[in-house]
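Down below are the structures I want you to see.
Common to both upcoming complexes is chain A, partnered first by chain B, then by chain C.
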Partner chain A sequence: MADTPSVLVIGGGSTGCGIARDLAMRGLDVTLVEKGNLTHGTTGRMHGLLHSGGRYAVSDQASARECIQETRVLEEIASHCVEETGGLFVKRPEDTEEYFERKLRGCDECDIPTEVLSGREARQREPYLAKDIDKAITVPDGAIDPFRLCVANAVSAENHGARIETHAEVTDLLVEAGEVVGVEVRHQSGKGTRSHGAAGTIEEIEADYVVNATGAWAGQIGEMAGVDIEVRPSKGVMTVMNVRQVDTVINRCKPKGNADIIVPHETTAILGTTDAEVDDPEDYPEEQWEVDLMIDELSKLVPKLQSARTIRSYWGVRPLYEPPGSGTTDSEDITRDFFLLDHAERDGLPGMTSIVGGKFTTYRMMAEDISDHVCAKLGVSATCRTADVALPGSKNYRVLEDAMDDYGLTSPIAKRSTQRLGSRAEEVLSITDPNPVVCGCEGVTRAELQDAIGQAGTDLNAVRIRTRASMGNCQGGFCTHAMAQELHPEYDAAQSYAALDELYQERWKGQRHALWGEQLSQAMLTYALHATTMNRDSDPVDREEAIDFSAFDDGGDAATGTDTRTTAADGGAHGD
Partner chain B sequence: MSDAESPPDDDVPSVPDDEIPDGDEFEPVQVFPDNELDLREGADDCYKCSTCDTNCPVAEVDDDFPGPKFQGPEQWRLKQKDDHDVDDSIMDCSNCMRCDNACPSDVPLSQMHNEARGEYVDQQMDKLSVEYWRNRVLANYRISAWFASKVPRLANAVMGNSLVRQVGEKVFGVTAEREFPEFAQQTFRQWWAERGGPQVRSEDKRVAYFHGCYANYNTPEVAKAMVRVFEHFGYQIAVPDQGCSGTPMYANGMLDDARRDAKLNIKEFSELVEEGYDVVCSCTSCSMSLRQEYPELFSFEGTAEVSASTYEAVEYLRIHEDLNDAISAASVDGPDLAYHAPCHARNQGLDRQAVELFRDLDGVGIEDVGESCSGISGTYGWKAEKYDKSMAIGEEMFEHMDEAEGETGMTECPTCAMQMEHGSGYEIRHPLELLEDALVAA
Partner chain C sequence: MAIEQDVLVVGGGLAGITAAISAAESGAHVRLVSYKQPTLRHASGLIDVLGYTPDGEGPIVDPFDAVEDLPEGHPYERVGPAAIEAGLDLFDDIAGDTYEGNHTDRNALVPTHGGAVKPTARYPDSTAAGLASDGRDALLVGFERLVGFDAPLAAKHLAAAGAPFDARGVTVEFPVELSADPKVTRFAHLLDQDKPIGGGTRGVRRALAELVNGRLDGEARVGFPAVLGDDHPREVRTDLAEHIGADVFEVPMGPPSLPGIRLEDRLYEALDEAGVSIETGNPVVGFEADGDRVESVVVDRTGNDVPYAAEEYVLATGGLVGKGIDSDREGVEEPVFDCHVAQPSDRYDWFEDEAFGDHRFARFGVDPDRELRPMDAGGTPEFSNLRAAGSVLGNYDFAAEKSGSGVSLATGFHAGRLAGEGAT
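After this line comes the complex of A and B, so read on.
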């Protein structure tokens, strides 16, 4: 093994996982470290659009061509992550005819197939479109599950010998003789899958080459070695609707603007987005007016959104970058192209390259570019195979779909489960009997949860992104505790509780921005249920001081003052 | 009417008038193809609380039944375009509609179930299967009853034959456990024609009677009681042409059949409503259908007007007449009654009216036998594979009937009456018959 070059990839988003897969398939010894769970940063906070390139067909044709090319690749290698919904660019009366024509011409120039629909035809396809939509252009946009895609890349990398460490934050870059030779990481709960309550450890990982794929966080990594990486993080809001008002991606046909896209995503529809530069990718204001803007603006395309239920909102941070001196002031105008920053050439610091900018749809192409670069640096000659070899779960998925068994599940549950698992369905769904539905909103069964726990340990957020459990309309109100229960007995009660708290906090974070109408009622019901049935509002086990139960009237004989009872009524402490 | 959209009908615009902006030229575009209805948004109202599941009589006796929350909001939310697989458990729903009443949040559960069932039957059920044709015949009871009414004695003899029933179960999947209801020698409509139609004329008190199939072909005494009681209070009665209310058709997913009969009913009754008539039913499932399911499933001209003008017969009199006073002044000579409120009466808020009314009537005792479902749910309990489930649901009602003082049953619903009779052996009466005894016959 000593002669196999080793590469350390920092960042478990789509780019990092794509790079890890690519390099591992080329035979390199790859380690990927990520400070949260996979997709924790930007990837897990995107809108789920698989770009046909139509959005960039006027402003950035190079990106548009890459998008259509990569969309075709992902439809093949990641069929279980992609829903080929198709997309529409719809023109309202106030949008210019000229731009509509430019869009059409631009798509044509980039080989993006289009068709022009009348307003009436567009409404026949999507009945809830506004009645005053003039016309529309069809494009091959799609929906993609970034979680599933990222996890599939990581699993593929592991299958090719890579080591994937989540909850492993890089605390320092190891620099020897002016060259990056590795990183120091802090494992939140030791090496391997997460286990709440396990002690943290520090590890130094040496590597022949380090790839900084941390996107909006790239500057923070650069600082550790004294190099300056001017990422310009830009936040955007996404609002999740409870049901799919549309089954096609709906874009507004006008030049750049906020709130101009609706993406059908699994059981939901996601409204997006805004574009505003922020200083810190982890600390920026999440404001209600941004959510209101989504609903108000997009109601002009789909009026029903005005009264429909919103289940949560989240913000993502784009890792925008432009070479020093470009001087763009509006973050919307910064290119979506990606940049390889070889720190040897740029800063005189060999051993590390950063990748910044870019977009989700072309993650594989970016990974291919940087893998080529790394291989050249290390003198490895191996070609990229990631465009030709299907990701785990995707292989022959379409052929399998028709022949799939229902595994004793009701039809929509079997359908959704097999769509999530792809060709892994049989392997996963047939192992647990009985196999009850744990998350009713998204139709997730125990078998899928157990499979995900096998991959992710006690990290229930990592289980969530693999399965969609707790991502439906009750936002975990009826299943988070049942998910935590699945950790037992492999993990103990205290670990299960800690995992539950963490998942529930994450669910609450996004739901805070949807607290009106139905979702407010939902949150109140969840609160009441959790408080009354699980004591979650003031669980005695979470108190620092023990309650003096003996100070309470035990219901014994009040007249004589005799204590006749001995049974503890508090249920004891965790683990009793 | 639920929050979900009205469906379009063949020749009716899919966009409600009040949603067309001023100045917008009307564009009658059929956006939902083939009468398909998108009910995903109905899931917005669901908080997952499961109150519907705990009120579902089928889920109570059948652990394999996923329950109304799954059948309704969850299934619809999980569905996607071009994803037509409705779970076959939808056929185990009995359409009692208790979930509608149980829901604290106005989820259009029964509408979702009706639509899902319609879609399942239309797209997934084998049209050549015995089950399909058995269900189709049961759902279109009116057609069989019409034939039988031409030769009622022969029909009764044949259907009463145990060998015929055995063959019916083996070949056709209709349980041999139950005795077929007898067909009347003279239908209500024949009687009505023979007596020359309405005997009372009034300018301001007019009701159009929706008798439904059962009171016409099987229990004309209930329909006659309705006529006599309403005429006693000075109402002019119209008995227009009519088909089935649609209840058994929804319950079997035969929405095209239901649409066919609804079209006739709405046409006939909406004309009378326009002339100032209110619509009165003697069967609580018929009134339920006209009131709730018609506007949920159809949008023929006049649907909303018929729906808003429909009442159950005793309910109508309680609103417009001083029925309590009349009853308090009257008396009858027994027998004591064990009263069961049909689920569909419960959904219309009528579950206590018979008991509240007749407890003031001298000479008869009346007891409510509790909140349980009778279990037959129209055609449901007639299906061989559902019979045991139907009887298990009815068990609680049978026990309570047994414990009640009275040894005569009472209910508004004809199939609940069949179940009550089947489980207890009691004779079952309709409230209108008792009203007739108390107010008209005296």
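After this line comes the complex of A and C, so read on.
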């Protein structure tokens, strides 16, 4: 056994990145492999709510207590990822008084601070709330950027010596003498950051212990070693509005139900959600009725939503789990608690533990639990420090925000940049080269993109989640090509265009669910810019047949009056 | 009391302007009302006629060879090749020597800011020296603070497409101190004004030329992003060419597009010259009809509903981008006259999953008869004196075909002439 015990973490979501950070900070030799981008699975497809615990205060008080506790931690260690918006549970006339009281009492029992507002007071705070909202309970809900949080955890892990490999899919578990001893991964474009067009490679990575943090995909990893992990993936839709109709998280104060939350997120508001069990976490229907339900139901809380513009919808898959034999039929009733499955105890397969269930807000606590477990297995006595040490970008962030120079950027741009970068802003933005804005909707500058490209290589979707570039109103219509141009000359022309095609297609994917009214108009404009002006849909480089350039107009010799036109060009044909 | 004219054109883009001038040339008194800024300034300024067939074959060398094979209902099929020619002739008259390409029926391949070439029938004279079928070597010059055109990348992409010349790209700092993030028009105005910089007598154009000279390696032509002047583009280009000692051309850019803005300016001058009355900024909010005839349209003039009566009407309000075609979750409509717009009832059939798929929404629009009168679902004209032109028409995908300007010119010409003749 090597001097430093080695751990391999499978899955680059919030849990996996949290575990990698935790173990790396405890001095272990950590490698994390993720088959897509960081956040590629469930983390990147959540609604961005930082739970105060209010949502679970009646049905699941243990979860509620964990949520309020972890919310407080994240406000400290991840301040640049969190917006302390506050939240409201609003009661409509048809929602019961009894449940309102239970919610209030439940929050109280879980130490979640509340206040009761009259309908009028609630509307003073959020003017677009429906006129018939009776009353509301305030809770300390917040908004969180899951992308930034996940990346910050990964960067912290790397700073503590971890190796993070994205686009590295586990193709097999290495089992020797009945024990998991590592994994075989396929690197899509070799080791390190992604580079479009580079050849794929296979690598066997041995480790003293393997953690399966793949959430809804945990069963697929388990299968590779012949163990059953019965995750029950449940899909939910999120519909993104183009502006923030509300600045506070709005929850509907009623027992479980679809379409009961609006989360202000960056420049947008996100409507959520549905809860329906699916067979395959990567292949399930994304349906029109779900989008319509979000708009129609949540318009009862904020009527303005009925005619507001949505820019896209996306679906996420919850990694719900319940112990065998529980037999819950409605996925909404499955616990949000998390489970640590030690396959040595459970299946007689030592060397690996899976973590399933749970929720985003408590990712750090889950990571702490499993890290404790792994350390116990490996005989390491180091303790967890993740609750006390700020994530990269978060340190002294508020102080920094006050003192920020503008780095030559116009003020709103500087503000947006520093919100995203936190205390890393100085390091990223203090460059002397020209630093124009590349994404106008989100105010993302070249320096910020270059910083992200340094982390993500040619993967523009990974650049996107780090910067928000291409995530605004135009959904990339005006900037995807400019983002791809930022890859050159570090990467070659063919890679830049391949990366552009991939990003453009990804942006299209979510917009398909928002194609009416303003956003259909926007989509047509984007299509026209990329197809008509830039001819990206019929780019000769992508076509098999070579163009015979000599057959086309070469400018002729207009000066000598050469006229090769078959008909008169003297304008005589019209107007008479 | 209604404001009266022979022909009323609703919409101020390329199709509406063409229709208005075409109607005026037939002797009619024409008024053009438009609400918002036309989409011309979003567009490259290139006048495409047909670059690809609806099946995606192409690039087409001669659009007129391909027009005959277009499917029934396509705007070109409705108006026929003669109207396409006539529309182009009308455009050539208006554009004069600011556009080229009318010496041949063949398309030109113009390098664009994304690096790909695209087929087009007419092109601003500022782009003429940049054609991809011209065998002379080219240097592309980009500016550090102007995103969207990466000259070295575009040059490599031209080579990858097999362009018959050597292209090289360089990126330079514009020779005037600029904010981090200057607007496209800022570059154009600095070049227009050509003020001395650095306290000397050397102007901006000369300074830029000298920067480029240091990077030139015998190339016979030099391409810049399309920011070479707003008010004085020709002078800017001539000066740069003289100082550099090579031909100078522009590479068309996305919005806001200087070539598009220049064309818009020229078109509005032409409207004036043709004696068309122009009103901008007021929306058409309704209409009155008597049987199958439109009697008047209602214009909202700062809160007052004012009727405008005419013998003939031309609807040229644009497509989805210009809002001449609008939609909500339930369906797609033509909002001014509520003309029939064919559409799948399920909005998830409006698009394809591939970003550049054969999107049904791109072909949304009214369905006209051969006199360009929008027809109802049963194939009968909605009104006897209402015609439609430009991208409010359906049954074609201008983005995929590269046919937007050509359809606007051909149908604008045709609708305008028929309206003018019908009204006088």
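Note that in this section the second predicted complex is superposed on the first by the 544 of 576 C-alpha atoms of A that agree within 3 Å, B and C clash if a C-alpha of one lies under 4 Å from a C-alpha of the other, contacts with A are read in each partner's own complex, and residues count from 1 in each chain.
As a convention for this text, contacts are C-beta pairs under 8 Å (C-beta built on N, C-alpha and C of every residue); 3 or more make two chains touch, one makes a residue touch a chain.
Keep in mind the model is a prediction, meaning the values are calculated, not measured.
K.L.:
Does chain B (first) or chain C (second) touch A:D247, or do both, or does neither?
P.N.:
First partner only.
K.L.:
According to the stated criteria, A:S521 is in contact with first (chain B), second (chain C), both, or neither; which is it?
P.N.:
Both chain B and chain C are touched by A:S521.
K.L.:
Is A:M534 touching the first partner chain B, the second partner chain C, both, or neither of them?
P.N.:
second
K.L.:
Which partner does A:E230 reach: the first (chain B), the second (chain C), both, or neither?
P.N.:
neither
K.L.:
Scan A:E490 for contacts with chain B and chain C and give back first, second, both or neither.
P.N.:
Neither: A:E490 stays clear of chain B and chain C.
K.L.:
Thinking of the overlay built on chain A, is A:Y504 touched by chain B (first), by chain C (second), by both, or by neither?
P.N.:
After superposition on chain A, A:Y504 lies in contact with chain C alone.
K.L.:
Which of the two partners, first being chain B and second being chain C, lies in contact with A:F478: first, second, both, or neither?
P.N.:
A:F478 sits against chain B and chain C alike.
K.L.:
Does chain C touch more residues of chain A than chain B does, or is it the other way round?
P.N.:
Between chain B and chain C, the winner on chain A residue contacts is C.
K.L.:
Per the contact definition in the header, classify A:I413: touching chain B only (first), chain C only (second), both, or neither.
P.N.:
In the superposition, A:I413 contacts both chain B and chain C.
K.L.:
Using the superposition described at the top, list the residues of chain A that contact chain B and also contact chain C.
P.N.:
Shared contact residues on chain A (touching chain B in one complex, chain C in the other): 410, 413, 478, 521, 525.
K.L.:
Inside the complex, what are the residues of chain A that reach chain B?
P.N.:
83, 120, 123-124, 127, 131-132, 242-245, 247, 264, 267, 304, 308-309, 410-413, 415-416, 440-443, 472-474, 477-478, 518, 521-522, 525
K.L.:
Residue numbers of chain A touching chain C in their complex, please.
P.N.:
288, 292, 295, 307, 408-410, 413, 433-438, 445-446, 478-479, 481-482, 485, 488-489, 492-494, 496-497, 504-505, 507-509, 512, 515-517, 520-521, 523-525, 527-541, 546-547, 549-556, 558, 562-567, 569-576
K.L.:
Okay, in this complex, where on chain B does chain A touch?
P.N.:
Result: residues 14-15, 20-21, 24, 27, 29-33, 38, 40-41, 43-49, 66, 69-70, 74-81, 83, 85-89, 105 of chain B touch chain A.
K.L.:
What residues of chain C sit close enough to touch chain A in their complex?
P.N.:
Checking each residue of chain C against chain A gives 22, 25-26, 42-44, 48, 51-52, 56, 58-59, 61, 64, 82, 85-87, 89-90, 92-93, 100-109, 112-119, 128-129, 131-135, 144-150, 152-153, 156-157, 160-164, 173, 179-182, 252, 254-255, 319-321, 323, 326-329, 346-348, 350-351, 353-356, 359, 361-362, 398-400, 402, 404, 413, 417.
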